[in-house]
Each structure stands twice: as C-alpha cells, then as structure tokens.
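Structure provided below as structure tokens; questions to follow.
Labels run A, B and C following the written order; every chain starts at residue 1.
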Amino acid sequence: MIRQAFGRHLSALILAPTAAATLVFVYGFIAWTAYMSFTGSRMMPVYELIGFDAYTRLWQFERWNVSIVNLLIFGSLFVGVGLLTGLLLAILLDQRIRAEGLLRTIYLYPMALSFIVTGTVWKWLLNPGIGLERAMHQIGWENFRFGWIVDPELAIYTIVIAGVWQSSGLVLAIFLAALRGMDQDVVKAAFMDGASTLQIYWGIVLPSIRPAFFSAVIVLTHLAVKSFDLVIAMTNGGPGYATDLPAIFMYSMSFQRNNIAVGSATAMMMLCTVMAIIVPYLYSELRPARSAHG
Amino acid sequence: MLKIRFGFACLALAALPALAGPPTVEVLHFMTSGGQAKGMKSLKDDLEAQGGKWVDTPVGGGNSEDALAKLRTRVMGGDPPSSVQLKGPLIQEWGALGVLQPIDDVAAAGRWEQALPKRVSDTMKYKGQWVAAPVNIHRLDWMYANPAVLNKVGIRMPSTWEEFDAAADKLKAAGITPLAHGGQAWQDASLFEIVVASVGGPEFHRKALVELDNAALTGPTMKQVFDRMRKLRGYVDANFSGRDWNVATNMIITGQAGFQLMGDWVKGDMSAAGKQPGRDYVCANPPGGGGASFLFIVDSFAMFKSKNPDVLAGQKLFGRLMMEPRFQENFNLAKGSIPVRNDMKLDKFDSCALAARDQMDKSIKGGGFNPSAIHDMAVASAVRGAMTDVATKHFNSSISSDEAVQLLARSIKQARE
Amino acid sequence: MAEAALGLREGRWAPAVSGQRRLRIGRVLLYAVLSLFALYYLAPLYVMVATSLKSAEELREASIFALPHAAQLDTWRHAWSEVCISVSCGGMRPYFVNSLVVVVPAVLISTLIGAINGYALAAWRFPGSNLLFGLLLFSCFIPFQAIILPLAQLLGAVGLASTGTGLALTYIVYGLGFTTLFFRNFYVTVPRELVRAATIDGAGFFAIFWHIMLPISLPTIVVTLIWQFTQIWNDFLFAVTLTNGAGQTATVALGNLVKTSQATKRYDVEMAAAIITGLPTLLVFLLAGKYFVRGLTAGAVKG
C-alpha cells in the first residue's frame, strides 16, 4: 500500500521534468505568441499591448482567407483520404498475400523521405508538360488531362495526392498491426454463422480497431499541420497564392514581411483551429480509456 | 613569491597575442550554389590570404525567408552574424533598430563615394554612415531572344509593344511559344515590374512602385499595364506554372520560345551553358519605355555590430576586399551582372554587359535609373509582398484590369499600415 | 459476391479450402489493385534515381520517365564528397556527419524518456495523470514556425543558441509528446495485476520498469526509434534556424544546394544529394520495417 503511494508520488516526480519542459517550450511559447499577437510588433518584438489590431488586419488580407479555406480543404481531405487509403491497403495486404513484406515496404518507404527530397519530383510528375499527362500522351492516350497543379482551383488537390503518398504508409502500418492483433475467434464465429465479409468488416473489425483510428488521426493531423515543407516544395503557395496555407502565410508575415504581430495572430488562429478539432477528440478518446482501465 | 608573480606575468604576456585573434567575419548569405558560390569562394580565399577568417553560414533560397528568419532569431538570441546579405530598404530597417556597424574608414580609404552611383551609395548608408558594401548591379528589365528563331520566323527585336504583338503572332503561327516564362510568384511580379517601366516609362514606374503615389497606382496607365499583362498571359505556353526561370531560359536556347523578359542572371546562366551573346542569344531593352529605363538590383552585405574586436577587423577587411576591382570583376563575370564601381574597365566583359553599362550611364543621366521594387530595392517587404500577391493573382486568374488596379491600391495601403 | 471479387473468401478468415475458379479472378484483381498502388508509390523514387544517373543532355531533352542511357555513378560520388555547397567544396559528407551527431543522441534520449514517462502514466496513475497526458499530447500539434522566435530567444539566453546541444535539446523536448504516446499506449495493455504482483513481491518503481516492462516493449521501442529518427533526421526548420556554417545538418545542406533562385540548376546532382540525405531513413525502414509493424501490433497504438 505504502509502496503504491510511494510509486505514485515517484511517478509524478519522474514526469515533472517533462511536464516542466512542456510547460515552458509548448505552453509558455504559445503564451508568448499570443501576447505578441496583441502588440504592434513589426521587425522585432515590442511588448506594448495594443489590442486586436493584428487580428482585424489579418482578416482583411485576401491571401489569409484563401489560406484558411485551403487548410480546411486540404486538412479534411488529407486526413480522410489518408485514413481510407491506409485502411484499404491494410485490409488488402491482410489477405495472405505473397510478397506482403515487399509491398508493405513499398507503401511505407515514402515516410522516410522529407519533402525537400521529394517535392521537386512530385512537382515534375504532376506538371502537365513533363509529367504524367505528357507520358500518357506519349503512349497514345491523347485526351488524357491532368493539369491540376497549374490550375488555381484544383492545385490544392495535388497537395493532397502527394501528402497521402507520403503518409498513408504509416496509416497502413497502424491499421495492419491492429488487424493482426485482433481477436480472431469472434470473427471466425461470425464467419461460420454465415455473415458476409462486408458485414464482418463493418460490424466487427472496424469497431474493434477504433484505437488505431485514434492514433492514425493524431498522426495525420500532426502531419497536416506540418505540411509547410510539402507545399513550399511543390508549388510554393502557387499558382498565384492558390495553395497558400496558414503556416506559409505565417512564416512569410513574420519573417519576410516584417510583421511579427500579424504572424503571431496567424499562429494563434491556426492553434485555435487545431484545438477546436483535436481537444474534443482527445477528450472523448481518453475518457473511456480511463474507465476501462481505471 | 617574486618568482610566482613573475611567472604569472610571463603567462599573461604570453597570452596577450592569443587574445587578439585573426580578423573574423561570419557571413550569412544565400549565394549557395553555382556561379555565385564560386564568386563567394574567391572572396573567401582572398580574405584568408590576407590573414582573415571566414565563417560561412549559408541559407539557401533566393528571396530567402529562411535567411531572414535566421537573422531575426540570431539577433533575438543576442548573437548576430557579422555580415549579412541584405538589400535596399532592409538595410534601413535594420539600421533603425540600431544593430548595424558603421565602416566609414574603409569607405573613405576605398573612395566608395566617388566610385558608386549616388542612388546606390545612399542605399549603403544609414543616417550618412556606411553600413553596407555592394557586390554588383543587376538590371531587371532585359529582353532576350535567340537570333536563330528570329531569323527563322522573320522578325526583329521589337522596340514597341505593337511590334512585340506582331512578332508574337508570327511566332505562334510558327508553333513557337512567344514568351518563355516561369509561373512563380516572383517571376510574375518581375514581369509586372518590367511592364510597368516599359508601358508607363521610368518616371511612371518611380511614381507608382517606388513613391507609391496613389494617383499613379489607380490611374489609367496602371490599367494599361494590367491590360498588357493580360495580353502577355496569352503568349505563354500551357505548362508555365511552377517552372524555374532557368528552365524558361532553356526554352530560348533550344528555340522553343521567342522572348524572355527577365533580369540579367539569364545571361549568367547562358554563359554557364557556353552560349555567347550575338551568336546564340541577343539582349535588348524591353519594348516601349524600356529604352530609357534601368531597373537596378544591388546585392550587398550589411555589417552587424558585435562585441568582438576581431569581428570589427574582419568586417572592415571584408568590406574593403568586396569593393576592390579584382573581386568585382571575378564575381560579376560569373554572375551576369556588372561591377558596381564606375571607375573600372570592363575589358573582360561581353557585349551584353557593356550594353548594360552604357544603359546605366544613359539612364542615370536621363533619370531612368530606378531601384526595382519587386526585388527589394525600393519599398518595405510588406509592400513588395502586396505587389507580388496582386501581380501573381492577376496573372493566374481572370480578374479584370480594373479589379486588379483596385486590389493593388488596396493591398499596398493595407501593407503600409 | 463482393468477397469473391475481392478474393476475400480465400483470404483472411476463410478455411484453407480452395480451388474455385472464379475466386482466382478475385485474387488477380486483388494483386492488380495492389500493383497499381505500388506504381503510385514507386514512381517518385524511380524518377529520383533515374534523374541522378542521367547526363546533362538527357536532363534537358529526355522525358523524366526515360531510362538513363548509362548510369553516371560519378554524380553520386561528386554529391557525396565534392560538390560545392556555398564556399565549401566537400560535398554532403560533413553535413551528413553533423546530422548523425545530433540525431542519434536525440533519438535515443527522447525514446528513453518517453518509455519512462509512458510507464509512469500507465502503471502509476495519480490524480491528473490523464490530464497531464492530454496536455503533453497537445504538443504534437503546434506548428513549429509559431514557436521559433521565443525558442531562439530562450536558447540564446542560456547560451545554447547555434549549438548542436541546443538543437538536440529542441528535438528531444518536441519529441516527448509522441514517444510518451507510443509507450503509454503500449503499457496500458499490460495487465495491472502484473504490476501489482510485482509490487507485492517487493519490487520498486524502477525495478519493475527495468526487469518487467522494458524487456517486453522491444517492438514499441523499435516503433518509437524509427518514428523519431525519421522525424528528426528530416527536420528542416529547426536545423536551419538553429545551426550555422560548419555545424549545419544534412537537410540544411541539401536545402542550400537545391533552393537557388538565381543560379543554374544541376538536377542530377540535386537528386543524388537528395537520395544520399534520404538514405539513412530509407535504410532504417528497409531493415526494420517489419519490426515496425510488429511493434505496432504489439500495441504501441492500441487504446
């Protein structure tokens, strides 16, 4: 009993450095950024508060409005398509395939490369003049069109294509592991009872790998927020600023356009958006875990 | 007792030379590859031959948000780099923060005031003190073409925009892309600036893009500028988006395109590929008012204050070497620009460089020697950013010239607040 | 029907009785779909390798999909030890070493701390431990661009700015969210009775960790090491703002080589350098990939 209590106290002690570091490096810095967003800081931080000025100016930028919409489109598609692709590939790979190891490596390796490395290549692949469209024309399919990356309306979707390419392997691995670790007996019983495969997947398999969904969503959202390098490498925010994202706008504002206050306001808006989505999700997932294992 | 004190004194004396180290300069720049890097290397070699120490901090990426981010974080961390590649108004902006190091004695010894055009020397000074040294002068408003293509289609280098249109139609009929262009924001904006100076003339360019005069920005001439941009948009090929500028230059070399409107780094690229002016390519003023204009871009290095005396010595050495004719010649031969000193002979430079020097002299006399706004020589970065946004948006969408004019005025106003 | 089309009846849960003709079609379709996806994943790698092996004329004229005429392996050597990046002409090698020196300790330390944290959070709950976990998790979502300024200020104030130590510390702190997540999720699947029994037997906090938890968490350790290595090795933003000159990492050097605006581009050298930069992480995946899945199976991501 005493040992238990001692253990719990020790546990808190062990976690204290991490807690302190997080407090400073994460929340402290966020607070600093928040503070900056209420000042008139331009090139260098100025600590005098002036109110919501930076925010009002922020919302007047047309480029900001474009980048917010892009984040919503890109974010939801990236997470959604990433989940679906990963899940689909996991289910397919789970079917006792020969060369499973090889295929799995093929789907997974993009995760290892950074976008400084692959961004140029994707730019080439999706460019109608030198990439896929041209290749299709050369093998005879004259009417094939794939000029999304040069179309201001459609360019953002090309970012999804490249983003899913890089991250779905990880989602695949998460789901594959979950499928493999599943309890087989329930499924076998249902199978024997004559349930169709689709019914088995929908009714038994998917619900039981729900924690995997949790991890996959966290990972994908994290990667979506970090998609700075991806867009810079592929389109640099273009054509025009059609593929601009808040992270890029923020970086540009703070460091190139010498407006730290607006850059900070941008960062706060990004954080609020992420929080609005993630916090309820975290809360809903962590609570039942507590009651199940408490 | 005495022996110990004597021993200490000896040690102290022995340590003295070690306290004064070599003149050291940490250089933060983005000339990280190709001919530019070679130029920097030759400067480094010179510096080290004179006993100096060069600490290199390269941060790639032309317009370099990364470099500026790094500079800001270093200044905030209390440890700025000794010498930073900065252009135009940025020098003034950092000067206003009180972090720049004057090097007037080097400037006086090297007769910089006499050797530089006034507009350039003004940029290198903050409140009358020299805080930066220039390495070159680029000209933004050039027009390049391949003479073989011109001969094949039967056109000459156009001197008016009507002639340009006629030439473009002939090129299109022959299946050649009239305008080689890369669809990146800075390229769209560069094209815009060239058009402003050539459609409206250098005086208009100065009023609108440098002085930000509202009447000029919202007047009929600006509308004509956007009309011309819309027409040029029709002359580029379908795959221009995202294309690097040097790939566009390649289109000229290989005869796939007729003209390229871009700065003289194009010339640097062509020289690197072994092409020669007159034979493989020709350079000319852009049509219209381009004949009187010279949009200049000066790469320069600003000195930041440091507590370390070795750094001050290093900065002075660095500045001195940079403005010497030897470096100016070597660096600019590789880069496509021309030396910034007006008291140098340009024997080793090719015909296009000589044409640039002539144009520079002519435009200084005629009042057409203006800083490029898009390439950070004239206005604050926020304003330049606003111009770039509008230019690239107009080029990549179908908004009308009127809408673009309104957007331009509004965005610039917003950026200045 | 759908099962037959997807070949599923012969797959996962089917009794091992086969031999029906139309299921063959299902299997063929399955392999076809998987192969099509494989093309999508392999295309960029092929283009990268092919470009790095091409000569200058081929780069200018031929299609990006064309096979190189002859493998110009010299480009690789040039990129590794000779290419001029700014004023130094030693290739990617010195920066590669810099990366190793920073990344390896950062990965090991953040994994170790994550393991202890995860164990503490899972096996020794105290009031607020779930809240702490949630707060820690949130650090996975902050965009690094937002905190780079205050970070630089803090590191400057303690004298760690522009040092490898400062960079490694940064990587460790910002990796704690994920490493703790992986281990905590795994340890939570370990039966509580195991810990309780050990406590009754007299084992203390660290003894249980060392003798019981750590040995069984090898797969999770692998997952965490792979994830951390990939994230930290590929980081650009922290590396570019927090390192200088000779201390720059491989990704920064690659950025310097590739991101030029007013200079001629040599795409073959760039691709070779890019592949070199990506090799360690690629190797890690090739060699340890199957342990990755095994580790995830073991529960790094289960509730």
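We take it that a residue touches a chain if its C-beta (ideal position, glycine included) is under 8 Å from a C-beta of that chain, and two chains touch if they have at least 3 such contacts.
Note that the structure is a prediction, hence the values are computed from the model and not measured.
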Pair exhibiting more inter-chain C-beta contacts, A-C or B-C: A-C
Chain separated most widely from subunit C, comparing mean CA positions: B
Whole-Å separation of chain centres (CA-atom averages), subunit A against subunit B: 38
Gap in Å, rounded to a whole number, between the CA centres of subunit C and subunit A: 15
Computed distance of Cα centres, subunit C from subunit B, in Å: 39
In subunit A, residues with contacts to at least two other chains: 45, 130, 251, 254
Junction residues of subunit C - those touching two or more other chains: 149, 151, 255, 258
Two or more partner chains touched - positions in subunit B: 63, 69, 72, 76
Complex contacts: residues of subunit C adjacent to subunit A: 2-3, 6-14, 30-31, 33-34, 37-38, 40-45, 47-48, 51, 63-65, 113, 116-117, 120-121, 123-126, 129-130, 132-147, 149-151, 154, 173-174, 176-177, 180-181, 185, 188, 192, 199, 204-205, 230, 233-237, 251, 254-255, 258, 267, 270-271, 274-275, 277-278, 281-282, 284-286, 289-290, 292-303
Subunit C-facing residues of subunit B, complex: 26, 29-38, 40-41, 44, 54-63, 66, 69-70, 72-74, 76-79, 81, 186, 244-246, 250, 254, 265, 268-269, 272-273, 335
Subunit B contact footprint on subunit A (complex, rising order): 43-45, 57, 60-63, 123, 127-130, 147, 149-150, 152, 234-242, 251-252, 254-259
Touch list for subunit A against partner subunit C, complex: 3-4, 6-12, 14-15, 18-19, 21-22, 24-30, 32-33, 36, 45, 89, 92-97, 101, 103-114, 116-118, 120-122, 124-125, 130-131, 134-135, 138, 165, 169, 173-174, 176-178, 180-181, 184, 187-188, 191, 196-198, 200, 210-212, 214-216, 218, 221-222, 225-226, 228-229, 247, 250-251, 254, 260, 264, 267, 270-271, 274-275, 278-279, 282-283, 285-286, 289-290, 292-294
Complex contact set, residues of subunit B against subunit A: 63, 65, 68-69, 72, 75-76, 93-94, 97, 183-185, 188, 237-243, 380-382, 385, 389, 392-393, 395-397, 407, 411, 414-415, 417
